[in-house]
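For clarity, chains are labelled A, B, C and D in written order, and residue numbers in each chain start from 1.
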């Protein structure tokens, strides 16, 4: 009994998708003649202006070449000597960056207990008990992921409270926004939602993701706190994040930021995850799949069925001890991919 | 008296050029559907096979995202604990990487006196006098740049002797080949020349440049010494050089490595530098411009003339204390660019 | 109602005690004339011979100047590039060294859940699930504390099983033995117990504490695995642990290692903790104070009583959320100190 | 023909000498009863007060355990993110610390050409040409050694001019004063000379040496710039320089700082070097030995004579390519040592 036709796009990750046609178009357009390297070009100027406009105020934009690098660069800019980073125990910087932060920053990461990927003000306060004690690493930065590794979002109020707790104790706040577009799209207030989320709350610096949202490979570190950005250009080169042919990084972001496309693309991915949930939840036992906040769902599946399913259309494990998996949508996931995938799920589960 | 029409391409740097049309074509071709991230894709497999073929033996290929990062990654793979790097006082890692090697590697760089960008066996031996003394940083890696920052090349024999001196003292050898293509093209022995230069001499690892030779932005770290490559994949992520949508890095190199194009492109740039020298040397005083070995010339010019010239067609200072400048050609420099530029030189010098 | 006469020695920490008279005597003896610096002296040779004799085999002894430094040095010798350290969540290196390991090693510390300060084979195995995944820091060293920060000991079998689990996965094992003397004394097998505990189990390197056991300030890093010690002398200077007038470090250890004194001193401290427990347990509620394995007890006390008591004779908080404190004995704690202190406890508790 | 009786003290180094009897006496005095660790003791308070008094203003005193560690700690306090250290090419931090600064600080050391161990304002200015260029490490600290590794001193005016040049460009100034006592003694203005040299000139932080001047092993990092000292206590632990039984470090400095003894001891060492010069210069060819500024002379000797001499009474090579050696005096060198040594020199040279 063979499987039905498989989806065109699998559900492995949003970084398994390619680049949006408009991003490709922008790259082609930028590939004419010579332009000075390292950001002395008109695409980079344009990109910086677009970010200022997006945040509704002058920001310092440092384009970067990958997500780990962007996080390390942002943290480098925010940390003082002898300081540590508070982050969730599930955070990408703590778990999925091979120790790059510790190596490049020379700083300790202090993992906080999280619930559904989110840390609480109480946990931040508890960790700040170390402040002033010369035997303990001194918390200097709080790093939050939005949307989180668990596909959840902090509310604007959550972020506000966390920033307030951090600032009150002298810490600065970093937002790992590898999927910030998905979080802002989920909030549903357009660009205004971005400003509510990070400007009005007082976030100091953001890793503003591009690669997972339809770019070939481009990230931006945005310093909302301009004082802390002063050494950014030196730090960027020092942490291996300065691209020489910068125009090709900038042009990608220009394409995404024009006309609010970045939000459309992320919104589409989110919608596809909702659709995926809608289509598969009835096929699964009660409680086996939660409703998505952004572009991922985390179904619990019988391991044999999961194995058959993923041989046919790939996706990753999430928590093997609980038979939990991750299905992730992207800017290019289509309704047809969803129906085909749901058909496959139905097939393997015998529904 | 106005300047003549300016060249289409300036002479600032090979990284001011865009990407070759075939590289763009390859990127477009790779941008279809989903592919697993981080190198689990067919373009990366193909790229790795092409590098094995190029070197005539299995090598470990770690694609990277920029030149400083590639150097740091290669050095990280070659260094043991408590070791230092010997390099030329003019080397990119020593002068032009904002201290990234020291920061990310935690290792000392020991600059050796160079002549025309090249270091000698005698200087290496002298620096190795520190070996065994617990108060001195222990040389562990010799890093050579080929072609050098001064537009010169080490001969194959030079490299052989340096590698031998290094290996005899327990050091490993890194080649910063940001412009290795230009050096191999200059040698004139095709792919065989590459193997003579780095395989037969015993070089341990290479930063194999792509960006300066017609790619959008892609570098490769090649470990010829496979033992030393064992930790490479972890180090790559740790030093912020792992691209998620790797296929777009790999596809660029595939385009360059097919049919020996990388050598053609670099050979063209070299030829244009020769042509530039031929066209401008007669306009300058005896000895004011040396004959190029690769794709750059370093003319000495009256500063006022230089200023006028660069306002019209940009290039960089080289040594301001000596009124020396750098004119650099690229894969896309045309004979017409050369004649126009020479006309400009003639114009400002009143010839 | 005034407090009774206070003890001569408080119960703050074993590092609040001074040096043993025999250590002072040795220092005085060593302070004659000139001796070459950095270990080229007869006291250091003697000290190295005493450590070889102690372990019953040739070891590499690197004398160090403080405990954090000794731990960092030992770990530096055991770590390869891109590796992380597994340790207990309560370990000194994780909690009480201000991030020195992360800063100086550039390596991630991965805290394992501990029970009474001890980690389990199961936790080590779980953490080793990251091995081979390029996105996760690669466990390279397991660091155990013996006796632990909670005043407990691993049994010889515990250590054997942990070393076996670590070695089977390619990790090396470090023992933070800031209080190894107390642990060996507690085992009760004399010097043979030390060898059972660390030589026969296969531990690779030890931070062998001296300062907490009657020295002025001296630690030793002992590499049982001689291969891993090869770079130790360079690493020692690099991590700021090389004393110039080394004879004064060595002479301290010589005094302690002669005639098994180190075990006598630690055994005395252990015995005083038992005596302290015996004298105070009847004054406290059932379960408020556990029986000590080494030289500390962790009583739960009413906070007001604790405050009065510590104003009179100082000791530190342990877990403020549980009203738990730490009373620690030292080489110089006397039976009279115990009776006086117990009288004070009785006094404040109204017994 | 046998050598005459050898001196009691050799001329290897001031760190081959032991501790002054008054330092030992202070240690003995401090070794009574318990005292809280990590500086919460009365000797440390006293030591801090003595340093405030010495500098005629409140300073931040961070006692440290060795010279390399003191330098690294001082530099850590002075450096901002992404900054480099300017220092002499002969400086201890550049040549004799096994790369500890690069490893622990993650910062580049930029060696400046020195003459007789001293750097010039012109060299500092030239190196500061890198400021503002994102491709070059950014000079952030100028480190000077006083007295220098070549046994010379900067004049107060030299230091003033260097500090002014550094501060004018935004750099802070560190003084490696491993032998600052010898330099102040040589200046001949007593404690006032210290203040002229470092307070009035505006030096920001000093590694104030003790070990080479009659202590067992103790260094102090003095921040004259109190703002920059704010993170010092955390940095000290992080760079492995926090002693637990701090009273034994403090007591040593107390003994040295009381009654200006530190200057007497260093002045004696200086006087002995003068005497050594006076006694041996007539035995050597014209120009073979320069007159000392502090406590070392650098004679040029026939290598065979030098070998015979050092077998009899040890001293170190200085520049083997020039047959130059170093003879160094200490606080305990006696006039009798000088006459005996001069007799030996006469003997081997056949005078």
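By our rule, a residue touches a chain if its C-beta (ideal position, glycine included) is under 8 Å from a C-beta of that chain, and two chains touch if they have at least 3 such contacts.
In this text the structure is predicted, and so the values were computed from the model without any measurement.
Asks: Determine, using the mean of C-alpha atoms as each chain's centre, which chain is farthest from chain C.
Replies: B
Asks: Compute the distance, rounded to whole Å, between the mean C-alpha positions of chain A and chain C.
Replies: 42
Asks: Approximately how many whole Å separate the CA-defined centres of chain A and chain B?
Replies: Centres of chain A and chain B (C-alpha means) sit 33 Å apart.
Asks: Using mean CA coordinates as chain centres, what's the gap between chain B and chain C in Å?
Replies: Each chain's C-alpha centroid was found; their separation is 51 Å.
Asks: Where in chain D do residues touch two or more of the other chains?
Replies: 82, 97-99, 103-104, 106, 134-135, 138, 234, 237-238, 242
Asks: If every chain is a node and every touching pair an edge, decide which shape results: line, ring, star, complete or other.
Replies: Topology of the interface graph: complete, with all chain pairs in contact.
Asks: Over in the complex, which chain A residues touch chain B? Could you list them?
Replies: It comes out as residues 8-10, 12-13, 15-19, 24, 27-28, 30-37, 65-69, 72, 97-100, 103-104, 211-212, 216-217, 234, 237-245, 248-249, 314, 330, 332.
Asks: Enumerate the contact residues on chain C facing chain B in the complex.
Replies: 38, 76-77, 79-82, 106, 134-135, 137-138, 231, 233-238, 242
Asks: Where on chain B does chain D make contact in their complex?
Replies: Per the stated touch rule, the residues are 82, 84, 95-99, 102-104, 106-109, 111, 134-138.
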